[in-house]
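Before any comments, here is the structure.
First chain written, first letter: the chains are A, B, C and D, and each begins at residue 1.
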């Protein structure tokens, strides 16, 4: 069991954003979480890494309870969170961003090159000089250096050109297979078909509740019904 | 107007400025990383002076007392960080400022109780007598040393911040605390070390200063104002700015005392106000 | 229908990222326009530019023929462009009544109207309760009441239904329809049900540009929109 | 609840004034002295809390208004026209443009920058008071500020006391009514400046307004102080003196109108009670401040109210 969430309720200040969420994720799985805005997708990730939200319930990572651990401890256990803005440090160069991830001044680029050749030209550029899409991809590439077992992605393909989207999705599959990272992956409802290309399982959030869970094949058959949940 | 006097005053200004720098460097580092404006910083500076005084009385060894004073001050700073300041990182900055003000009052007053109200100084003629003569006046090697130390520190800090991994972590926390944690960096460790360094530097400055200037009650109250003026003009959190502005204010004030003694401090405040009217973000403001 | 707002070549970038990219459009009086689009498409930024929460890099904004590009938020509000916010944005330490009073003072409205609106929106029983102590739904209503007390000619609502349970959404929709007969509405919304129920005109934004603009039926059949929204191509 | 509180505030002020009035009858110099100080500091602290508690502006330079108030009264009565009352009115009037100027300079900045800028400006005033000897008397300050004037004569301690009492009652009530007026409401609304902007209000003007009122009341307390002491020194412009109303406010509780009053009461009574330990005094304040910020930001009054409500709840529960 990679990740286990038991009856999670999460709150932003006075507003409850998640209601009684239960989730089980096996090693090596890719789970897509879809839903309209304000459904609580991001809140789900933030509750896992324990930032900005107050919550009740239990969260276990590899059978270790991490519900109330400080974020950096959770990260050290092997969870890497990528926020919707990519999470590269502005003002720092890409290589510096990678050094931070490696916790060392020396980072071997060869492997990164293999996953994403263009990285070479970006190394010495400041993170904030990259386009939104580039930033997100580089942040995903950074995970190769971080070496997590579980990857938490917040809308990684949002605002990307279609070509980039496909590239990113291939990249995620590659990370999953070759770096055996399990991936909990958030996208807006519109991306459902893209998500289904590689996800083992999808899960629909609406108004803070899980309204649908299903294996991808099953989901593909029921896609029209699912779209109702997504208000589209 | 005569050149010699001008040069002398400028040099005097430079070493006064270097003391300001030792004060504002820590203030800047701490603000940059923790977002806390440490009202008590000058009190730690003065604490450094007093400790130097006491250690010197017992050991009679300059270097030993200097290092002891520096480290002790830093450690006391850490104690305050862990026990008190750590509790207010996440709340309104108003309260952070108020807490450090409370700490400042506490420190200043306990210093009065421990070391009394009469000014204390260390008399080391051998250190300050020898020097280079500029015309009639004599600039001691000691004050020149102070200036050089300031410069060296400036360079070292830059290397540490921009070239080392640890400096990289500091910048990371500085920029995006949450992402830093997502990359396994423990921010509290960074905070505490930065507090130690920042406050140790203040203590170091204080310890150096007591050789040249007697230290007594009120010195802290006065210094914190200068420190604040400098960091605000330099734009809070900007290290290079803090260094340049410290020297600038040092020189300006010493020239002012020479040319217009009757209105010297008035000039400093006037300049501050004008600068902040023209450049609300300070001279070296990024955004 | 008379034109009430005209936006010409409005742009805003954050660093390299073009949040709003040379956008032009106009709003017609008493037409309910809904602005949709995926996250980060620039909808809220666009509203922030029009209401001067952000300063545009370039472009012109005209309100009822008058150039308001260089006015402050409070001046724009006084002219009659009123907005609500995505996350509830009120005076937490003040009572519901006091919150409304502040709005009333902003538009020189007298206290009678405060009472009226409070009873219309069934806020009376919370009159003297501090806003931070009332439910999220009520807070949303207070937002709306304040907006109305500001005597808007153009009312901009940023995700009014976000976070509201179904039944409240229905209630809100009813209220908005009534308002729409007296006041021009521009609404940012994601809940498609909500959108198609309410909209007389839909503008679709993506990557900082308006990529479609028209009657709801045209929009639903627009291929680009289907791709962006339904992931079909 | 709100109404009730409002009443209780006014009632408290009135009762307090009567008690203070009674004290004057005793004619006991000591009591007259400390209660005069209490009233002066109360006004000083009340004016401060208008900024801190209501307008959410943390100023470290409030002493500059207290000082200008005192010095203008002093200079005017010594140099131009020998009368405390006129001197007082003059200082109030001339503080208005001064406060507006300072406000204009500082209020574009917020939070820490505002705090530091007010600090610098008050030190600027201090520097002038020190340096401009032939006018301000430098560090010796002004001596022999007259109580006996052409129009009013308050040279007797009792009269001087009543003089202060009258201004205390009037201004503490007026300030309270002001805070509960619609202008006051806008000042309270500064808790959320962005929203205020989007309800068609010019935030800067509202801040300026609060700043001016607060400055004027501080000046009033300052000039009362000048007349009462008849000696003033530049210390009242030094930033540490600006910290005192802040401490009083925190002590009493900044969330309540009467908080600063309570704070001033505690402050004055402690300073006199602990006069023997004068040297420990600021130390005690420092520690108190730390304790308040760390443990209870509501101050003493906040604590009292919390306790009473707790008790009420208990009673309700038991009655059920």
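In this text, a contact is a pair of C-beta atoms (placed from the backbone, for glycine too) under 8 Å apart; a residue touches a chain by one contact, two chains touch by 3 or more.
Predicted model only: the values in this text are computed from it and were never measured.
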* Busiest chain-chain interface by contact pairs, anyone? -> B-D
* **Relative to subunit A, chain with the most remote C-alpha centre** => D
* Structure fact -> Taking each chain's mean CA coordinate, subunit B and subunit C are separated, in whole Å, by 50
* Structure fact -> Expressed in whole Å, how far the mean CA point of subunit A lies from that of subunit C is 31
* Take the average of all CA coordinates in subunit A, do the same for subunit D, and state the distance between these two points in whole angstrom. => 55
* Structure fact -> Multi-chain contacts in subunit D, i.e. residues touching at least two other chains, fall at none
* Asked: Where does subunit B touch two or more other chains at once, residue-wise?
  -> none
* To do: Answer with line, ring, star, complete or other to describe the graph linking chains that touch.
  => ring
* Chain pairs in mutual contact under the definition given at the outset -> A-B, A-C, B-D, C-D
* **Touching residues on subunit D, where the partner in the complex is subunit B** => 56, 58, 105, 108-109, 111-113, 115-117, 119-121, 123-124, 127-128, 130-131, 238-240, 243, 246, 250, 279-280, 282-283, 285-290, 293-294, 297
* Please name which positions on subunit B make contact with subunit D in the complex. => 37, 84, 87-88, 93-95, 97-99, 101-110, 112-113, 221, 225, 228-229, 232, 236, 262-263, 265-266, 269-270, 272-273, 276-277, 280
* What residues on subunit A touch subunit B, complex-wise? -> 49, 51-52, 70-72, 75-76, 80-81, 83, 87-92, 96, 99-101, 103-105, 146
* Parts of subunit D lying in touch with subunit C, wherever the complex brings them together -> 1-2, 182, 185-186, 188-189, 191-192, 194-203
* **subunit C residues touching subunit D - in the complex, by the definition given at the top** => 51, 53, 72-74, 77-78, 82-83, 85, 89-95, 98, 101-103, 105-107, 128, 146, 150
